[in-house]
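Two complexes, one shared chain (subunit A), two partners (subunit B, subunit C).
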Partner chain A sequence: MEGVRMSSEPNSSLLERVRSPFEGPNTLGNSNGFWLTFGVGVVSLALYPVLFGTYAAGERAVFLVYALLGVSLCFVWGFCGILSFGQVAFFGVSGYTFGIVGLNVSSYTGVTLGIVAGIAVATLFAAALGYFMFYGGVRDVYVTIITLVVALVLKTFMDQTAGGEWAIGEAELGGFNGMRNIPNLAIGVGDVGIDVSRAMHYYVALAALIAVYLGLRVLVNGRFGYAMVATREDETRTEMFGYNTTLIKFVTFTLGGALAGLSGVLYVTWGNYIDPQQFAITAASMPVIWASIGGRDSIAGTMAAAIVLQWIELQLTGEWALVIVGSLLVFVILAMPEGIAPRLRTFVLDRQSSSEPATAPATTEEVTD
Partner chain B sequence: MNGYELLNVTFQFLESFAFIVLATVGLAVIFGMMGIINLAHGEFILVGAYATTLSAHQGLPLPVAMLVGVVATTIFGIVLERTIIRRLYGRLLDSMVATFGISLVLVQLTRILFGNSIDQVSTPFGAISYGSYSYSLYRVLLAGAAIATLLVLYILFTRTAFGIRARATIQDEETARSMGVDTDRMYMSTFAIGSALAGLTGALYAPARASPTPEFGSEFLVDAFVAVVVGGPSVLVGTPLAGGFLGLIEAFFTFQWTQFIGTVAMLVAAIVMIRLLPDGFSGLVESVRTSWRESE
Partner chain C sequence: MAASDPTVKTTRAVDETGERSSRILQTRDLHKEFGGLTATDTVDFAVEEGELRCLIGPNGAGKSTFLNLITGQLEPTAGSIYYDGIDITPLPSHERVDRGISMKFQVPTLYEDLTARQNLRIPLQRIVDADEFETRTRELLAQFDLLAEIDETPAALSHGQQQRLEIAMAMALEPTLMLLDEPVAGLSVEETAEVAELLRTIQAEEGVAFIVIEHDIDFVETIADRVTVLDQGSIFTEGTIEKVKTDPAVRRIYLGEER
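This part shows the complex of A and B:
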C-alpha cells in the first residue's frame, strides 16, 4: 500500500512494516491504543470457551457467525455506499445449498463440497443480482428496495416448499418447518477428515471473523479501497477521474455476497438447521441495525455492535427485547447518526489532544475507534 | 375461456389492482413527495386496521369505525413526524433505518398489548353469484375505493392551493419558503396525508382479510415497495400504472395456475420492469412527453 502510511523514517521498525498494510485513512483505528484494544478483545473472545466451558462456547458461536454477516454489510454499505438488505438472501441461499449438498453426498467429501458449493452459489447469486442492478442503471435507494424484495421473495418461496415434492435428492426443503439434520462442519475427503463442532466450531468462526477483518482492512486501505470510498463519496466525480464505478460497485457487492455466504455456511453447520425465517424482514434488518449502531464505516465497530446486541437480546429474553432494540436503533440514528464507534473515536481524540497539546500531531490523527 | 371465467379474471384483476394501489399510495406519497422511505409503512396500516377493528368491537357501525381508524393513524403519523421523522429529512438511508426501528417497536408493542391476533370484523355486503362461481362484493368494491382515492389525491395535489404549495416545497424548498410558504408545515401535512392513506388501507382491509395479527401490515409491504419502484418517482402517474400492470399479471397467472404462481409472476415482472425502466413508469411517461413536446 504505497504511501498510505506516511512514515517519515526510512528504516521503520519491523512492527510498523507488519502493521502498514492494515492501516490507512479508510479505517478508523490505526493507533497503538486501537490495536491494543483489538488484541484484548480477540484474546477475551478466544478465552471464552476456557472460562465458560465448551458447551457455552458452542452455543455462543452464532454471535460470531452473525458478526461476520454484519461485517459483510459494513463492507458494501460503509465503504461503497450500497445499503443492501439482501445480505441475508446470500446467507440463506448459501445455507440451503450447503444443506442440499451435505445431505446428498455423505462422508467428509459432501461436507467439504458443501462449503465450496454454498459460498460459490451465494457469490454467483450476488454477482447475478449485482450485474442486473448496477449494469441496469439501478441506484441508491432502489438498490436497497430491490435487495429487500429479493429477500422477501425468497422467504415467500421457501415458505411453501413443505412436503415431499420439494426435495432435492435426500434433502427436503421443508417449507416453513425448515431444513433439518444438516451435517456439522468438517474438512476432509471420503472417510478421512476432521470434525468441527461445539468449541471447535466457535474457534473456526472466530478465526474466520478475524481473518475477514484483517483481509478487509488490507483491501479498503489499498487502491481498490480508495476507489470504493471515492465511489461512495461522489460517484459522478469518481467516474470523471476515469474509474469504472459500475464495476467497482459490482465487485464490492459480489464480494459482500461471498462473505455473507461464508457466514451462511457457518450458521447452518452451527445449528444443523435453517428455515425461511432467515429471509424475513426482521432477519434482513439485523445486519443493518448492527452496522448503524456500531458505525457503518467501522468494521470493528460493526462486529462489536453485533456481538453486544445479540448478547443484550439474549439477556432480555422477554417480550420487551425487540421494543428495546428498536428504540435503541431510533435513538442512535437521531443522536449519533454515524454510529457509536466514530463517536467514541472523536471522544478519545478530544481527550488526547487536550491532555497533550500539540506535541504529537501525527498520533492525534490516528486514534482508536 | 367462457363468460363466467372472464368475469372471474376481471374480478381477480380488480382485487389485485385495488390491493396494490391501496398498499402503495401512502408509501408513495411520503416517498415521492418527501424522500422518506417509510419502512414502518406496514405498521401505519396496522394501526388503521386495529383502530377500525377494535372500535367496531365497541359497537360502532363499520363506516364510523373506519373513520376512527383513519383519524387514529393520521394523529399517530403527525406525532411521529414531529418527534422523529422531522429530524431525518434529506437523510434517505438514515430515515429507512430509523423507521425500521419504529416498525420493530410497533409490531412488538401491538403483540404485548393485544396478543397474537384479534377477532376479525365480518366482511360486509356478502357475495355476487354467477354460474357456479361467487365472489365477495366487498373485495370488488375496493377497486372503486382505490380509484376514488387516486382521484381525490389528483385533485388535492393539482387543483388546490395546498397542493401547489406542497409541490413547490418538494421541488425547491428554499424558493418556496422565500415566497411565503411555511415549508415545515407542508412537510407535516404531507406526512399526515401519507399516514391517513395508510390508515385508510388498514381500515378498508380490516374486514377483508384474515384476523388482524401484529404482522398484518407486513403483508402489504412487498406489493407496496414493488409498486413504488415500478411506478417511479411521480406518485400520481406511477401508482395507477404500476397497479394496473402488476395487477393484470398477477390476476392472469393466478387464474391460469395458483395464487403462488401469480405472486411469483408479478415479482418477476416487476424485476424485469426495473431492469428495462430504472425510473419506472412515470419516468417512461415523462420521456414520452418530452419527446412529444420536442417533435411539436
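This part shows the complex of A and C:
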C-alpha cells in the first residue's frame, strides 16, 4: 500500500514519502493531526528533565520502561490476538539475567554483556514457550492461562531462592528480598565506556520507546503486519490464503518477548534492583490493564495509558491506587470496550466529517486511510 | 434457470462417459471418524483438470467434512489424498494452498476493518511484489465487477458483492482447484445468476477446476459438469446432472426431501 500511494501521487512531497512506511490501515493514527499530537507528546517527554530536574526525570524513567512493557503486550495481543499475561515473565527473566551477568563481570564489559544476555535469554524463553504452545495446538484463552501460570511459577520459584546456596557466582538471587546492587546501564568495553544513569537513563528509555514505536509501525503496516492482523481476525481463513499462522504467532510471540526483555534490562538498570514481585499477579495484570484502557490495537494509546496510569498510581499511593485503577478499568471496558484511543479517533473523525463536508477531499482521504 | 438457458450445456466440454486423462485431485480410501461416528467412509473421489464438480447430499452427508479433509483443516483417520499426482495427506493447510488449492468458506469471512483493496492485499502480497498490488487489485476487482467498491469496507457491500469479493480473494492466489462451500446461500435470484456466470467464466478462461457444495439444485444444474451425491459419508452416485436428477434413488434420499 505504501508504494501504491506514492505512485498514484507523483507529486507527493518529501514529508509524505518519509511518512508513508509508518502509515497504513493497521495503525489508528495516520493524519497530520495525529503526528502533530505525537510530536507534542515526544517533545514534552523530552523536556521533562529540563523542566523538572534530572532527579525527577531519573525517578520517572520507570514510567517509560513500563510503557515499553505495555507496548510488548499491545504488539502480541492487539495485532495478533495473543492475550499474554507472561510479558512480565520475559521482563523479569531478562532483569535477573542482566543482574547475574552484571554482578559477575565487573567493568563496562559486564554491563554490555548483560544487556545482550538479558534480551537474548528473554527472547529464547519466549521462543521456547511459544514453540510448545503454538506448535502444540494451544489456542485462545489457554494461551492466556499458560502464560499467567508461567509468570506465577517464576514468582513462587524466585521467592524461595533466599540464602547463600542460591547464588550464581557473585550474584545472590535473594529470594523475596530480591537481587541487589545491580549495576547501572552503560555502554562500553573494559574500562572505557559511558555510564547511563538518572536523566541520561531517562533519555535512553525515551529513545528506546520511540524507536520501538516507529519500528513497530513499519512492521505492522508491512507484509508481516497484514499477516498478523489477518491471523488475529480469522486464523482458519488466513491459513487458507497460504499463511503459516502457527509460524506467524510463534514469531510474534518471540518478538514480544524480546521487547519485554528490553524493558526488563531498562528496569533493573533504573532501580539497580529486582524482586519476585515483578512476576506476581498484580504486576502481570498491569500491561493487560494499560492495553485495555489505552486500546490494545493502538501502540500510542497503550503507551499513553501506561504513563498516565502509573502517574495516577504514584499520586494516590497505596491500596487506593489499585482500587482506582481497577475501577477505571471496569469503567473503560464497559463504556468503550475497544479502549480510549480507538474511541478518540472515531470521535475526531466524526467531528471532522461533520464540520468540513467534502470541502477538502485530499485531507479527508489522508485521515480515513 | 438452466432449463431456460440451453446454451449453458453446450459451452462446456465434458464427454458423456465422464472420463478424462488428467486427474487433478484423487482420494483413496478416505475415511474420517469423529469419536467412533463415521463422517466420511472410503470415498474414492476424483476431479479432472478444469472440471466443475458439484457435491450434493442431505444435511449430515459429510460434504463439509470432505472439503475440510481436502484443505487439511481435518486429518483423515485413514486413506490419502493426491493432488497433481502428489500425496498431500501429510501437508498442512498452508502448503496445500501453495500447491494450488483455494477455498471460499460458507460464512463470509472478510476482514471487517479493511477495504476491498486491503482485503485483496492479504492473498495478493503472498504472490506479487508491492509495486504490482495496485495493478493486480484493479484487474481482479474489475473481473468481479467490484472496481467501484475498491475503497469500501465489507459493511458497505451487498451480500452478493461480499460473496464476489471472497471469490476474488480466493482467485487472487491463482489456484488450480477452487473449493466453494455454498457460494449462493442467501443470495437473490439475480445474484445467484451472476455468481453462476462468474464461475463459468473463470472455468472457461482460467481453466480452474471447482468443487462446489450447493443445496440449490437449479444453481447446480446451471454450472455443474458432473455431480457427486454423498449420503452418510459415502458416494451414493456420480454423473451428469440429468443422470443424477432422474435417478429414483437420489430423488428419494435427497431431491424428494428438498422439494
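One rule holds for everything that comes next: the second predicted complex is superposed on the first by the 349 of 369 C-alpha atoms of A that agree within 3 Å, B and C clash if a C-alpha of one lies under 4 Å from a C-alpha of the other, contacts with A are read in each partner's own complex, and residues count from 1 in each chain.
One rule holds in what follows: a contact is a pair of C-beta atoms (placed from the backbone, for glycine too) under 8 Å apart; a residue touches a chain by one contact, two chains touch by 3 or more.
Quantities reported herein were computed from a predicted structural model and do not represent experimental measurements.
Asks: Should A:Leu209 be classified as contacting the first partner (subunit B), the second (subunit C), both, or neither?
Replies: neither
Asks: Quick check on the superposed pair: does A:Ala283 touch subunit B, subunit C, both, or neither? Answer first, second, both or neither.
Replies: In the superposition, A:Ala283 touches no partner, neither subunit B nor subunit C.
Asks: If you stack the two complexes on chain A, which partner ends up touching A:Val105: first (subunit B), second (subunit C), both, or neither?
Replies: In the superposition, A:Val105 touches no partner, neither subunit B nor subunit C.
Asks: So in the superposed three-chain picture, is A:Val121 touching just subunit B, just subunit C, both, or none of them (first/second/both/neither)?
Replies: Touch partners of A:Val121: none, neither subunit B nor subunit C.
Asks: With both complexes overlaid on chain A, does A:Asp140 touch subunit B (first), subunit C (second), both or neither?
Replies: Only subunit B is touched by A:Asp140; subunit C is not.
Asks: Could you look at A:Met240 and tell me whether it touches subunit B, subunit C, both or neither (first, second, both, neither)?
Replies: second
Asks: I'd like to know which partner A:Leu309 touches here: subunit B for first, subunit C for second, both or neither.
Replies: Neither partner.
Asks: Touching A:Leu148 in the superposition: subunit B (first), subunit C (second), both, neither?
Replies: first
Asks: Which partner chains sit in contact with A:Leu259 here, subunit B, subunit C, both or neither? Use first/second/both/neither.
Replies: A:Leu259 contacts neither subunit B nor subunit C.
Asks: Looking only at subunit A, is it subunit B or subunit C that touches more of its residues?
Replies: After superposition, B is the partner touching more of subunit A.
Asks: Jot down the residues of subunit A that show up as touching in both complexes, subunit B in one and subunit C in the other.
Replies: none
Asks: Can you check the complex and tell me which residues of subunit C touch subunit A?
Replies: Residues in contact with subunit A: 71, 73, 92-94, 97-98, 102-103, 105, 109, 111-115, 117-118, 121-123, 125-126, 130-131, 133-134, 169-170, 173.
Asks: Can you list the residues on subunit B that touch subunit A in the complex?
Replies: Counting only subunit B, the residues touching subunit A are 37, 84, 87-88, 91-94, 96-98, 100-105, 107-109, 111-112, 218, 221-222, 225-226, 228-229, 260, 263-264, 267, 270-271, 274-275, 278.
Asks: Which stretch or stretches of subunit A touch subunit C in the complex?
Replies: Its residues touching subunit C are 1-4, 7-8, 25, 223, 226-227, 229-230, 233-234, 236-245.
Asks: Please output the residues of subunit A touching subunit B within their complex, sorted ascending.
Replies: By the definition above, subunit A touches subunit B via 83, 132, 136-142, 144-146, 148-149, 152-153, 156-157, 160, 281-282, 285, 288-289, 292, 319-320, 322-323, 325-330, 333-334, 337.
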